Every structure is written in C-alpha cells, then in structure tokens.
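Listed after this line are the structures, all set down as structure tokens.
Two complexes follow with subunit A in common, the first pairing it with subunit B and the second with subunit C.
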Partner chain A sequence: MIQLTFSLLVGFALLVILYFFARGGKVSAEGSAQQLREARQTLDSLQFGLLPGDLVHRIFATDDLEYVRQSAQPQVQSLFLSERKDISLAWVRRVRGAIVELMRFHRGHARLYARLSLSTELLLALNFARLLTVCRLLEIALYLRGPYAAPGMVRTVAGAAGRVCAISEESLVFLKASQINRLKNDPSHHGASV
Partner chain B sequence: MDFSANYTNVEQAEDDLRRRSLAHMAAPLERMIYLGSTRDYNTGLYYHDGLSSRFSEMVACQALANCHREAYQQVLQSSIEDLVQQLDSYIQSTNSAPRDFIAAWKNLQPYRVAVPAETDPLAAEFLCSNVKIALSIWEVHQSGRSRQPLNASLPQ
Partner chain C sequence: MTIFTQVVWLGGLFLEGVILVRAIQGRSFSRYSLFYVYIASVLVTSAALWVIYVYIAKPSLNIAVYWPTQYITLALGCGVIFEISRHVFAHRVTLDRLARWSMLAMFGLIFFLVAVHALLLPKWNVASDTVDLERELRVAQALVLMTIIFLTAYYRIEIGKNIRGMILGFGVYVGASVLSLTARLFIGARFGTAWQIIQSSAYLAALAIWAFALWSYEPEPPPRPPSDPGGGYRTLADQTQQVLDSINDHLNRPDPR
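This part shows the complex of A and B:
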C-alpha cells in the first residue's frame, strides 16, 4: 500500500513537471515580447523607484524618529509612526511583488533569451528564495513592531534585491535603448542576434 | 534638429531659470511648489513666458521639467526637521496668515499636485506623508509661538 501511494505521488510529481515544461514551451512571440517589456519595467521600477539607497535610507532613517520624539506632541508622534509604518509596509510589499514578477519571468522566459550559466541560474534561484523569505519576515516585523523594528533586515532585503537586479539585468540588457542603438549602428550585428 | 545643440540650450535655460526665477527661493519645497504651478494640468507641459522668449517654448518646458524633478528629489531627501524649516520659510514668503495656510494645506493638500509626472508612486506618497507630518509639527510650533507673547505679558 505504501509503495503504491509512493508510486502514485512520484507519478503525479512527474505529471506536474511535464505540465510546466509543456506550458513553458508554448511561448508566443507577441506574449513573449509583452512579458519582456513588463520584466524590463519591473526591473526599472525596482532599480530606480524602490531601491535607490537614499530613498531607503530616508524611509527608515532614525534621525526623523528622534526629531519627532523631541519636538512633537504625542498625537503627532503617533501620526508619524503610523505614516512611516504604512510607507515601510508598502515599500516591502512592492519590493516583494517586483521580485515575484522577476522570478516568474526568469522561470518562464529568461533562459530562452539570456546566456546564463547553470551556476548563475542556481545563484539566482537561491537569491530569489532567500529574498522572498526575508521580505515576508520583514513585512511581519514591520507590521507587528513598527517601521524601525528590523534595520538589519531592511539592509539585507535592499542588498539581495540589488544582486537579483544585477543578475536580471544580464537577461534584459538587450532591451536597453542604448544597446538597441548600438545594435542598429553596428553592421556586424545585422540579423537576429537577440 | 541637432540634439546636442538642443541639449546645450536646455542646460542654458536651466541655468537662466536658477539665476533669475529660482534665485529668490532658498527652500527646495518652495521651488517644487512654484515649478509645479508652471505646469498646465491638462497637458502636463510647463510654461514660462520669460524663459520661452529667451529660448523656445520646448526648451523652456524641458528646463522647467528638469528643475522641477531636481527640486522634488531634494525635498524627497530632506529630513523632517529640514522640511519643517523649509515649510516655515515658505509660509513666510507667501505672507499668508498661518491659520489660513494650515487650513488650506490640510484640506486641499496642494503638495500632492506639485509632484512631477512619472515619479514612483511610493516615493511621491512618502514625500506627501513627510510634508503632512512637517505641517503638523509646524502647527504645534506656531501655536507655541503665538502663545508666547501672551504668557510673557502675564503678571508674575
């Protein structure tokens, strides 16, 4: 009975894997271009919107907290903490959302276009898993203990997200305008090098 | 159109704008509000008669947009303490009655429409949240200031 159950489970797992392979193979040109554009937008939003060091520093800056504690009444202090909590939660949720989008893109499409080595893909998978876990933990910490609960975790999320962005950049580098212009101007790149 | 020449013109227009119109505005918050007000909300384009007459409408629009983004970034990077000072300086420059100013800013939240286009929504929300807190702190300071002369005149 145990052997039968085990065999059934293995069979089911293989079917699931086959399903994902089959699904991954049916990538239409239009859908693929759309997903590439979306991945580029997600990456840009992460790099230029959510992860710039000065923005992250300001959101979680303790000097603001100290100033408000020293110079404001209790109700303004409560307002400040509540506003910062909302902003910090929105930040970590958006970073997590963007990472999930990038992970989905990599799982489905990146390997069709990019020349990523196996070790890079493994590194990327590990970074994704680690980052999503830390994002979730940070979200819980911010929700329960406020915006200044886990500065170390904020640094970890920002650092790991930066690494994921750098690796994702390799997959999407050909979508940059400068690269496209260079390809247009370089006669040796005529044809479908992308 | 020669792009490099145009780019140089935009830089010159920005420089002109900084030396003339923006020279009297020390606080980035004041510059952001002013530059936001030069934008047509129906088209998203910036207009400045003096700058357009010296350069062209397109160059003036680009220069105003660049300076607006610059001022926005400076406000975004300001601490709450700095923002309270910027707010104080701005309110003094408007010559408005503090009570009217606070009521208008709390109800209308004009700083929300002074944010440049195509900025990240989270960053814009963060800026508005900071201005809201700075305004609350400034209001407390202001009410403290207005009570001071009264306390000073009280008999010992």
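This part shows the complex of A and C:
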C-alpha cells in the first residue's frame, strides 16, 4: 500500500513539475558583476548589520522589558511590547530576505563552474533550507506570542546565519580588497576572470 | 482491434517515422543517438507487431514477440534519460558524473533484481513481472527526471529547445505510465482498457511533442560567462572598492550606544 501511494505521489509530482517546467521563462544572466557586488553587499549587511551579537541581544533583551514593567503605566507597557514586536519582526524579515538574496546569488554564481564541490553544495543547501525554515517559524512565533517568545530560536537563527555567511564568503573571496589590488596590477586578469 | 487502437498504432508509427526522417535530414541522429536508437527500436517493434497482428494473425506469436521486445524497449528508454542528462549537464562535470552514476546504479539494480527473479523463482511470469518491472522503472525514471529538472532550476541552467522537448515528452509519458500502472495495480483487470487508452494516448502525445521539438537541430546554449556591466573590469574593481571602503567606514564608526 505504501509503495502504491508513493508511486501515485511520484506520478502526480512529476506532472506538476513538468507543468511548471514547460511554463519556465528565460534564464537571466546571473553571475554578472552587478550581482556580485549586490551579493557582497548582502553578505556584509548580514554579517555587520543584522547579525552582530550586540544588535541581536539589544532587540531581544529582557532588561528593557523588566524596566518598563517596573516603572511604566500599562498603556506604555503594551506600547513597548507592540513596538518591540514590530522591530523583532522587521529584523527577522530582513535576515530572511538577505538569506534568500544570498542563496539566489550563490546558485547563479555556482552554475558558472564546471566542477562544483558536492559536499559544499549540499551543506549550503541544507543550511539555507534550515535557516529559512527557522526564520519562518521564528516569524510566526514572534507574530503570535510577541518578541520574547523564542529566545532559543533567535540564537539558532543568528548562529546558523553566521555559518552560512562563513561558507558563502569563501565563494566571494575574490572580491576582497587585497585580490582586487593584485588584479589591478595584472593585465592577464581581465574582466572575464570575475 | 478497435478504431482507437488502430489510430494510435498507425499514428505512432507515422510520428516515429517523421522523427527519424527529420533526424537524418537535419543530421542530428548522431548528436542524440541514444534517443533516436530508442525511437528506432520502438518503430521496428511496433511495425513488426502490426504485421504479425494484421497479416499473420497469430495471437500466440504476437505474445511471444511482444514481451521480449518490451524488455529491450524498456532498457533503451533508460537511454533517453541518459541522453537528457548528458546534454543538460554537458558543461557541469560534477553534476554529470553524479547523475550518470546514480542512474546506472538505480536502473542496473532494478534490471539485476528482475534477472535474479527470472532465474531463481520457479513461478516467474513474464507478463506480470514485466508490468512490475515497467512500473518500478517508470518510478525510477520519474525520480531521475524530477531531480534533473530540480537541478536545472536550482542552478538556473539553460536548456535548448531539443532537450526541453525531450524532457517534456518523456516526462508526460513516464508520468502517465506511473499513474496508470499504479491505478491498474489498485483496481485490477477492470482498469485494463483505461490503462491501455491512457498509456497509448500519453505515448502519442510524447511523440507529437518530440516531433515538434526535434524538427530541427538546435545546439544547447553554451554556459554564459559572467557578463560585464559596461565599464570593464576597472569599473567593477572601483565600485567594489567603494563597497569595501563603506564597510570599513561602518566598522570604524564608534558604537552609537
């Protein structure tokens, strides 16, 4: 019975996938210089703007909540919670958006190479999938239960995103300043090497 | 023989002939050799069965020819997937190698198990076991096709008209076969007529797609090198340097707290 159900699912899935495959449009010229710069910016925005421990700690710190609870009126407390919820939701959405951008760049860039590292690709795909799922769950938790709902999940997002950044940075290493200076002085490294 | 069966049978022979003639005229036979060998084998088998059915009119001979040739066409059908994978991942060594070895292992294992059954099981039945083999092979082919489509979407690999048509046609046929063979196993002999109609129609649809997509040879698009935004490498380097400078500024800025 399980085998038959599996066969039916495979058959339906193939026909659905074929429908989208048949409708698929032209592939854009990903991997262009503009996208490389955008990817670098996204990576930097993640590493330096959205993920530093101080910022994450600040957004989700309970000290502020304790202070407001002790010294403010109930209306101020609810206003504080509402605004902190908006900030935390905006943070998780921006992290998610940056990760999606990074993933899009990585796929577009990796496809230009004949020899990919399967283990790295698999690791990245798993990390991306895990991170996007956790981001979505965190978003739901924050939306339903407020900014102090899931501190453990926040740490997971920040930690896993940091790991993805570290791996992605390896693929963007050629955009480092030292290499650019070397390329500037070497006529053999023209535009195509990027 | 019903009118529907005659139309499908003769229509199939006609389309297979058209595909092969166009392949010879357009000199694309050698480029998609595995695919055209499959089409040629189906054409020869179908034509032979038609002659036996209509002119010799010996059902026992028909059955004696049908099952062994079914094994050959099933095996050659796997070649179509190899052909698709070979062209889709032509410029991606790692993906090509992964796809090829996975397919060899999967299809090889299925045929090996059928051979073991045929040799060792005393009650082995050529008809029912061939149907089982076909269902298992079709499921395996469907999984491989889905993986290929997923990888092309994931890495945004460009596919030419010929291979796109090959994937679509084969996908339609494999998808319909998986569903109808499974439904036949669920429902039993009552589904026999419907199964034949679905499978024949799907194959005819696949042939029509192939005839359209492979009418003329179109080479696969070569992998695109990273494009130049307009100002050459110097512009790129300068702009990147600006980005790096702005990051440095950001890092050197004192903490606002």
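The rule we apply is simple: the second predicted complex is superposed on the first by the 142 of 194 C-alpha atoms of A that agree within 3 Å, B and C clash if a C-alpha of one lies under 4 Å from a C-alpha of the other, contacts with A are read in each partner's own complex, and residues count from 1 in each chain.
Just so we're on the same page, a residue touches a chain if its C-beta (ideal position, glycine included) is under 8 Å from a C-beta of that chain, and two chains touch if they have at least 3 such contacts.
As the structure is a computational prediction, the values presented were derived from the model and not from experiment.
Q: Applying the document's definition of touch, where does A:Val68 land relative to subunit B and subunit C: first, second, both, or neither?
A: A:Val68 contacts subunit B only, not subunit C.
Q: When the two structures are overlaid on chain A, which partner does A:Leu4 contact: first (subunit B), second (subunit C), both, or neither?
A: The second partner, subunit C, only.
Q: For A:Val76, using the defined touch cut-off, is the partner it touches subunit B, subunit C, both, or neither? Pick first, second, both or neither.
A: first
Q: Would you mind checking which one, subunit B or subunit C, touches more residues on subunit A?
A: On the superposition, C touches more of the residues of subunit A.
Q: Answer with first, second, both or neither: which of subunit B and subunit C does A:Ser119 touch in the superposed model?
A: In the superposition, A:Ser119 contacts neither subunit B nor subunit C.
Q: Of all the subunit A residues, which ones make contact with subunit B and with subunit C?
A: On subunit A, the residues that contact subunit B in one structure and subunit C in the other are 48-49, 54.
Q: Under the touch definition given earlier, write down the residues of subunit C that touch subunit A in their complex.
A: Within the complex, subunit C contacts subunit A at residues 91-95, 98, 135, 139, 142-143, 145-146, 149-150, 153-158, 167-168, 171-172, 174-176, 178-179, 181-183, 185-186, 223-229, 232-234, 236-237, 239-241, 243-244, 247, 250-251, 255.
Q: Which of the residues in subunit B end up touching subunit A in this complex?
A: For subunit B paired with subunit A, touching residues are 76-77, 79-81, 120, 122-123, 125-126, 129, 132-133, 136-137, 140-141.
Q: Quick one: in the complex, what on subunit A touches subunit B?
A: It is residues 45, 48-50, 54-55, 58-59, 61, 63-64, 67-68, 71-73, 76, 79-80, 83-84, 86-87, 90-91, 94 of subunit A that touch subunit B.
Q: So in the complex, the part of subunit A that touches subunit C is made up of which residues?
A: Checking each residue of subunit A against subunit C gives 4, 6-8, 10-15, 17-18, 21-22, 24, 26-34, 36-37, 40-41, 44, 48-49, 54, 107-108, 110-118, 175-177, 180, 183-184, 189-192, 194.
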